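These are the structures, in structure tokens.
Note that chain A is present in both complexes that follow, paired respectively with chain B and with chain C.
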Partner chain A sequence: MSLKENLRIMIVDDMSVSRALIAQSLDEIGIKHYATENDAKVALGKLAANPVHLVISDMNMPGMTGLQLLRALRSAKTTQRIGFILITGTPSPDIVREGQQLGLNNLIRKPFTSATVKAAIESVVGKL
Partner chain B sequence: MSTLNSIRDTFFEECEDLMADLADGLAKMQSGSADPETVNAVFRAVHSVKGGAGAFSLTELVAFSHQFETVLDELRSDRLKLQPELMFTLLRSADHLTVLIEAARDGVDVDAVVTQNSAAALRIWLKPSSDAADAPASASESFSFAAVTLDFGAFDQLNDTPNEPELKHYEIAFQPTATLFSNGHEPALLFGELSRLGTVSSTIDLGELPAWEEFDTTVPFMKWTLKLASTAEIDQVRAVFEFVDGLCKLNIVVAPMPVDQEALQFEASLPPAPAPLPMRQAVAEPIAPVPEKPSPAVKAASVSPQISDQHGPKPTLRVELDRVDRLINAVGELIINQAMIAQRVNEMPVTTDSEVVTYVEDYRLLARDIQEAVMAIRAQPVKPLFQRMSRIVREAADATGKSAQLLAFGEEIEVDKTVIERLADPLTHMIRNAVDHGLESPEDRIKAGKEACGTIRLSAAHRSGRVIISIKDDGAGLNRPKILKIAKDKGLIPQDADLVEADIDSLLFQPGFSTAQKVSNLSGRGVGLDVVRTAVTALGGRVAINSVPGQGTEFTISLPLTLAVMDGMVVSVRGQTMIAPISSIVETIRPALSEVHSVGPSSKYLSILGEFIPIIDVAASLGIAPNTSPSDPPLLLLVESENQSQCALIVDEVHDQRQVVIKGLEHNYRSVQGVSAATVLGNGQIALILDLDAIAFQRSAPEAPAEASPLTKGA
Partner chain C sequence: MLWGNFDMTTHPEQMPLDQFLKGIEAEVMRCVDLLLRIEEEVLPLVSHPIAPTLGAALQDIDLLSQCLGDISRCLKGTAAAKGADLTLNVGAILAKIRLQDMRLRLEGGRHGAHKVPTREDVFDTQPSPSATETHLF
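Let's turn to the complex of A and B:
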């Protein structure tokens, strides 16, 4: 069984369009096990109970930003080792710096394509 | 690619919501009731539009929203202070963003100059040194991020956690008493507190929950078993429950075995048939709770620290309108079918069979329930429509050099979607009119002792089964002498006509009437208030004017809640079965002969409660042969028309009161004076629905040429 078939990913984005686009990319890559979540706080609760391998999260969300989600994941035992890829349209130096401090695994810039998503995931988990 | 297209559709749908959020936030900022989160929300809305637009290569939209977003970002980070001029720019930018989104959706082009001007207006607010205002790409060109590869070995450790000396597994049995709740404690908060110590899973025991009939809301029946994986000492765990000590049964033990942690396994170590991770959800569907895995924790509800603030918009479902319309049509047929069955049963020789009668009654109630539920699907709040109107007010104020603000009330009122859609144009026109003709120039306003900025109040309210929408300005009021003069000059009324105020006001609705002496930018497009009235009447509504000199003018639109059904009184007129809308009927009377007074050769009045109310023969006004042997005294329907005046209509018989499905006449035949639509009765017969207001209006405007009714031929 290949990595592609086992990798479990959670997509966190408040916009259904973005979720759909990421999901579409994952479909094209051939990743089967992914869940989507529209609220970072709910996602955090679910991840605490059922961790995944990798979280792909948007930066700008109401209530909790992507980096806040990352910080929360890193601060709990069960979730601190989850891989985290942040998606943002404006990767400002601040975001990059804070991301690095929190152990962000990778960053995808908007707009993205299936190829860039694949490359970003591969650089975190290895060849798909 | 069809998937991409459907995502694109979703994007534009989502844009509508985002633009509504944006308008909301901007309105708050304008009124000064904004908090930092409002600015954040506004920023996010524009940012999300940009993000989505980028995915679909809508470059113009990306460029403009980037500019907009940059200014909002400055504002959000307090580098820019909110001031009236900036607010002005933001509102105009939001308007333009809406235009761009609509253009992108419909695939039409927007005048590039307008976009450039709007973008330039935004750029003024950015410091020249700020290069963030440049093309969206430049700021991030230099960005690079060194990916951090995951060490999957770490995951395996996570599973069995053998080298975690400090990690303890607590099992907590928790059963609150009624006092716990009455003292204001909340288990969810306690669990949230607990989850700060580590990972919590909870199992709820509802075993003691009594049957519904015996349920006592004042007694708590729930018990929880909580599992906590934490490095904290037992005292720390106890401390969480310190404040509810004695208010609950509590038992904290250190579990001998690690609680089930969802193992993250790879390759061959996967369990034989693990259910996949929570199923993917279809894109446009409401977010359903992700199903739990069939692990031992299957009953466990995950408890997160945010348990108490998991509120958000109610889940919704987007459905194609066609499907709803098909459903509504089918339900309409169902109602007719139900009426037919009910009628047949009534006519059956053995109606003593009470069971059948009960079933038929149940069927009627059920059909009505279904129908109401279906109608509710089509009902939508007027808020988006009202939000569009504030944009119209701004545009109109800009074009006329006036200063105006819109105050909206009753935005939550729900009306049938079609009504809202078809109301957009007349409402736009009336709002423009209110700014253009209603409000005075700022100088005149100051002279009159008013604020320079005019106010237009747009409100929606429910009133006796109808929706009342009112547009009220605080302008100079109608200039009645001028209206009268223009009407005479244009030959709309005779030179010697002497009209009361209400009649002068209604001249505004006459085709070809326009008081603007010079054609302004906005009005004077050859579209008058008569078009507004036609549009509103087509929706089964009425427009009324009320104006006080010096204080302003109010237009009131009264609309039915739905276009599909109505409650009607079944009457017969000269052997024709007709329906009179219940909403206008005050009462039915058979007066004593002494109460009917003849005035002149043809007019009759009913004396009731000290008032004289005109009597109208429905048959005569519809052009049906008048009753040769009038039954004296006549049976009268006392109706109240839209302008609050009453009249009494002569009918031959009143049969029944029932809900009828409205079938438009215009599409199938043509518009008929005095008849608003038709319906199919239980016996399969077609009955006309009377337009009571039109019939009453006909009488009050006798100079109107009597229109030859097709009923004279048809009947």
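Let's turn to the complex of A and C:
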């Protein structure tokens, strides 16, 4: 079974259209096992109970930002090794610096395409 | 009040700044709500795979709605800030607003100001031959 058939991903984004676009990119890439979540705090609970290989998360979300989600994942033993890709329209130096400190694996700039999503995932997990 | 093509509405000249800002904040949130509704309606109609330019445009709608949401929060904070109880001369400002409904809402509560918009406020739920939802989208 190929990597993309095994890979389990969670998409975290409060905006339904962004979630749908990321999901569509995963469909195009051929990734079959993914879940979507619109609330970062709920996502954190689900990931703690059932970790995935990779999280693709928006940065700006109410209640908990993408970087706060990353920090929470890195601080728990069961989730600290989950790959994490942040999506943002404004990758400021502060976001990049904090992301690097927290062990962010990659960053996708909006607007993204399926090709940029695939390239970002491959940089984390290897060739799909 | 409209008389011919001329708006004869008398605008209030004075208004507390915080009240005016709250009104603008409500209008901005109304725009956010509209954008999100449009986005939700358009997405299912888009054929897959989505062309990159259309995907970018849809993400721009997300970004625009988030920007407007932040502007709305700034306005709310400013309205609550010290000194926002100043009285503002709003007559000339209101006179420049072209959308009569918006102007009436900004003028104050007597016109149902700051009412949360419903779908019925924005889209006629009774399709007419000239404007069905299919035509709108």
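The definition used in the following text is that the second predicted complex is superposed on the first by the 128 of 128 C-alpha atoms of A that agree within 3 Å, B and C clash if a C-alpha of one lies under 4 Å from a C-alpha of the other, contacts with A are read in each partner's own complex, and residues count from 1 in each chain.
In this section, a residue touches a chain if its C-beta (ideal position, glycine included) is under 8 Å from a C-beta of that chain, and two chains touch if they have at least 3 such contacts.
What you are looking at is a predicted structure, and each value in this text was computed from that prediction instead of being measured.
Within the superposed three-chain model, A:S16 lies in touch with chain B and with chain C [touch as defined at top]. After overlaying the two complexes on the shared chain, residue contacts for A:G126 are found with chain B alone; chain C is out of touch.
Residue contacts after overlaying the shared chain place A:N60 against chain B and chain C alike. In the superposition on chain A, A:Q24 contacts both chain B and chain C. Of the two partners chain B and chain C, it is B that touches the larger number of chain A residues. Touch criterion met: A:S114 reaches chain C, while chain B stays clear of it.
The interface of chain A with chain B overlaps its interface with chain C at residues 15-18, 20-21, 24, 60, 89, 110-112. Against chain B, the residues of chain A that register as touching in their complex are 1, 6, 8, 10, 14-21, 23-24, 32-39, 41-42, 44-46, 48-54, 60-63, 76-78, 81, 83, 89-93, 96, 99-100, 103-107, 109-112, 120, 123-126. Across the complex, chain C is touched by residues 15-18, 20-21, 24, 27-28, 60, 89, 110-114 of chain A. Those residues of chain C that touch chain A in the complex are listed here as 39-40, 43, 48-50, 52, 55-56, 58-63, 65-66. Residue ranges of chain B in contact with chain A, taken from their complex: 3-4, 7, 10-11, 14, 40-41, 43-44, 47-48, 50-52, 54-55, 57, 136, 139-140, 143, 145-150, 152, 154-155, 158, 164, 167, 195, 198-199, 201, 229, 231, 261-262, 264, 266-268, 270, 276-281, 283-284, 287, 290, 292-293, 297, 300, 302-307, 309-310, 312.
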